[in-house]
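Here the structure comes first, spelled out in structure tokens, and everything after it is commentary.
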Amino acid sequence: MGSWRLYAAVAAGGFRRYATYRAATFAGVFTNTVFGVILVYTYLALWDEKPHLGGYDQAQAVTYVWLGQCLYSTLAIQGGGAEKDVIERIRTGEIAVDLYRPADLQLWWLASDLGRSLFQLIGRGVIPFAFGALFFPMALPTDATSWLALLVALLLAMVVSFGIRYLAALSVFWLMDGMGIMQAVMITGVFCSGIVFPLNAFPGVLGDIVRALPWAAQLQMPADVLMGETDPLGAYAFQATWAVVLLAAGRLLQSAATRRVVVQGG
Amino acid sequence: MAETSRLGEGVRAYRLIAGMWIRSAMTYRTSFVVTMCANLVMTGLDFVGILLMFSQVDSLGGWGLPEIAFLYGLSVTAFGIADLVLGSMDVLGSRIRDGSFDILLVRPAPVLAQIGADRFAVRRLGRITQGTVVLGWALTSVEVDWSAAKVLLVPLMVVSSAAIFCAVFVAGAAFQIFAQDASEVQNAFTYGGTTLLQYPPTVFGKDFVRGVTFVLPLAFVNWVPASYVLGRPYPLELPGWAAFTPPLVAVACAALAGLAWRAGLGSYRSTGS
Amino acid sequence: MDAFIELDRVEKVFDVRKKTGFLKRERRQVRAVDSISFTVARGEMVGYIGPNGAGKSTTIKMLTGILTPSGGRLRVAGIDPSRERTRLAHRIGVVFGQRTTLWWDLPLIDSYRLMHRMYRIPDARYRENLDRCVELLELVDLLDVPVRQLSLGQRMRGDIAAALLHDPEVLYLDEPTIGLDVISKAKVRGFLRELNTERGTTVLLTTHDLQDIEQLCSRVMVIDHGRLMYDGPLAGLHEVGESERTLVVDLERELPPIVAAPARVVRVEGPRQWLAFPASESAAALVARVAAEYPLVDLSVREPDIEAVIAKMYAGEAEKAVS
């Protein structure tokens, strides 16, 4: 199929674009490592106080921290992926050009964002994770299946993450300014993804709510899949459901936005 | 004499430029209100993260919630002040890349003041507000035998820490002149620093604490005096008067940052054509 | 003569690191400006031209104190720019063609008010200068318009005004007419000429547009590869470069090539013919001769562009070197 080659090329472009920012990548690795160290110490103290918090033992809690740092930019948890470009193109009106391209707008940006994610995973994510594994006790599986299961969960997490951010970006068609929505993406992303505190350890009803929201598909699910804390198939079903819902919603919003652009005459 | 007039010039230029940014922000009124609210929510949720931890445990590293709130309030208020004053210095890298830094250099005002006031944003008051609220609550909840020295120490800590965070921002800006797209490195020191100081030193490894205290004197201005106020042992074997040295540490940091900035500016090479 | 700008063997060397492999980098030194010396007297209007990357902007940046020279001596109004940048800033005006000093989201007048206070311009002086700029640059309807809504030409005029409110003794312009339409170009040029004659402001401009130079500058400096290749009147540059202008003639019908020495036909396309003639020759005489002897429909004169002039100049230099 010709169109698959097109999207593969777009994804490769997204990968290469981020690969050119070498200093930024090194800086990011450094920052993620520092944050990882700070968080690990607080988690160790926390789990000292209350072993098996959220169903994790200490080594699992440490693993959770470093996986979080590894996925922080991969999943653009506080924003900063394709949605930034989309918002900029909406603001400048260049998006009208994209709408007439012989490619699907949503798939185009999804491919580009997946390319970016892949680079961030390899370029920015792996080193802090390896650092963590080297200097702190971690609960890493030794069988290849668990790692493979993680990769599948990560791919689904990337799609969910894109789905959320793409919806946010499209809202700028109506809001005209991206500042507020970018901040909303950041707040919800940081709080609901469990990057600060594992969702499994959230108390009571609040815990039930955050574990049902799409952000749970980003860090919590892959972490549990990696550490064998959940049935991978159940986790995939949860992630895939949110991926489909978000992409479908994105599609609806996109066609509404397209009509709006056409009515306004570009 | 010459130095004080330069400082005056800098403050004046800073006020002028910050004023322009406030007016610019006001032209998008809705967005201004939205970002202001979002900022309050965002910084608020930051403390909710700590409350979540305490929903599961009663103490962390042997420190209770009011005591950690005290650390948190001090650190966040100080960082909030520095962030309001110099928080946009990370745009320096992109200004150098697009060449607009040159424009600042041909104006008759200290560049540091101009770049400090760049993208000045009132919404950054959100963090200060939240930090002060938490600090206020902590001050009424901690059990402390207040003495004149302890009362005096609280504002002194906030101001000194704010100055140290400012110094970190300036040093980070100087670093950006060499490596323009590495602005994220300074996040490790600024955001990382304020996160670190929110937790008690007993949480961290001894070597780690030693490193932060002497290599990066951040810890010094928060952990040591806070321990003194709360009547807890110092994180390292230090004499009793160490709690009163933050202003000196702040001045030393500011001087070092100033030197770094001068060196950075001297080696500025502008872009391409 | 009062030398206002003085350069004595000024150099600027950059360390360039080039990626040669995945992790390998090669360091080498690039001489962006290579031992340049010249002086500009107060009140002169000088064109500073050369191909891209020749070192024009680097020179301007050293003159304004943005960059520190690697060697040589440089003075503007007796001040060493990189040492006393802020003091010098009060006495110079700078317009960067591609970057604006104006505030994007605010009405134009707000940017001027900032200049008023930042440069500590006395009130009466400010008002007088602003009124003059507003009148001559036709800004009166634009003062309350947010800068982001201005066209490129309007913004350039706005930028020029912003650079002049504090009465600078010298004005540096980096590509002031780039991207502007014909009318805006004419307005900008007219204003600069007036500024120079009425106020005696020294003007140094870099440009790609030879017409800027022809209409404004009595003196041209050509720089290439960081070296000063030519310094003198524009006419002299034409001689040195032996450059040619082109007369494009549309005849009533197809005819054999026109004979009108010293012009020679370089191209024929149906009824249209291209005649090259030395830039030092008068075009009027040639046009008169052609019109008298051939059935003319239309004609136009094309100026040589800077690149062509400079290329010819090099060709000439090379020939001299050989002979």
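When the chains are written out, they are named A, B and C in that same order, and each has its own residue count from 1.
One rule holds in what follows: a residue touches a chain if its C-beta (ideal position, glycine included) is under 8 Å from a C-beta of that chain, and two chains touch if they have at least 3 such contacts.
Just so you know, these numbers come straight off a predicted model, no measurement behind them.
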Distance-maximising chain from chain B - centres being C-alpha averages: C
Chain nearest the overall Cα centroid: B
Euclidean distance of C-alpha centroids - chain B vs chain C, Å: 46
Length of the line joining the C-alpha centres of chain A and chain C, rounded to whole Å: 50
Distance between the centres, which are taken as Cα means, of chain B and chain A, whole angstrom: 29
Interface hub residues of chain B, defined as touching at least two other chains: 28
Chain B residues within the chain C interface of the complex: 9, 13, 16-17, 20, 23-24, 27-28, 98-100, 102-103, 105-110, 266, 268-270, 273
Chain C residues within the chain B interface of the complex: 14, 52-53, 57-58, 61, 64-68, 85-87, 89-90, 92, 94, 96, 98-99, 101, 103-106, 110, 114, 117-119, 146
Chain A residues within the chain B interface of the complex: 21, 23-24, 26-28, 30-31, 34-35, 37-38, 41-42, 44-46, 49-50, 53, 177, 179-180, 183-184, 186-187, 190-191, 196-197, 201-203
Residue numbers on chain B that touch chain A, as the complex places them: 28, 30-31, 34-35, 38-39, 41-42, 45, 48-49, 52-53, 55-61, 179-185, 187-188, 191-192, 195-196, 199, 202-205, 208
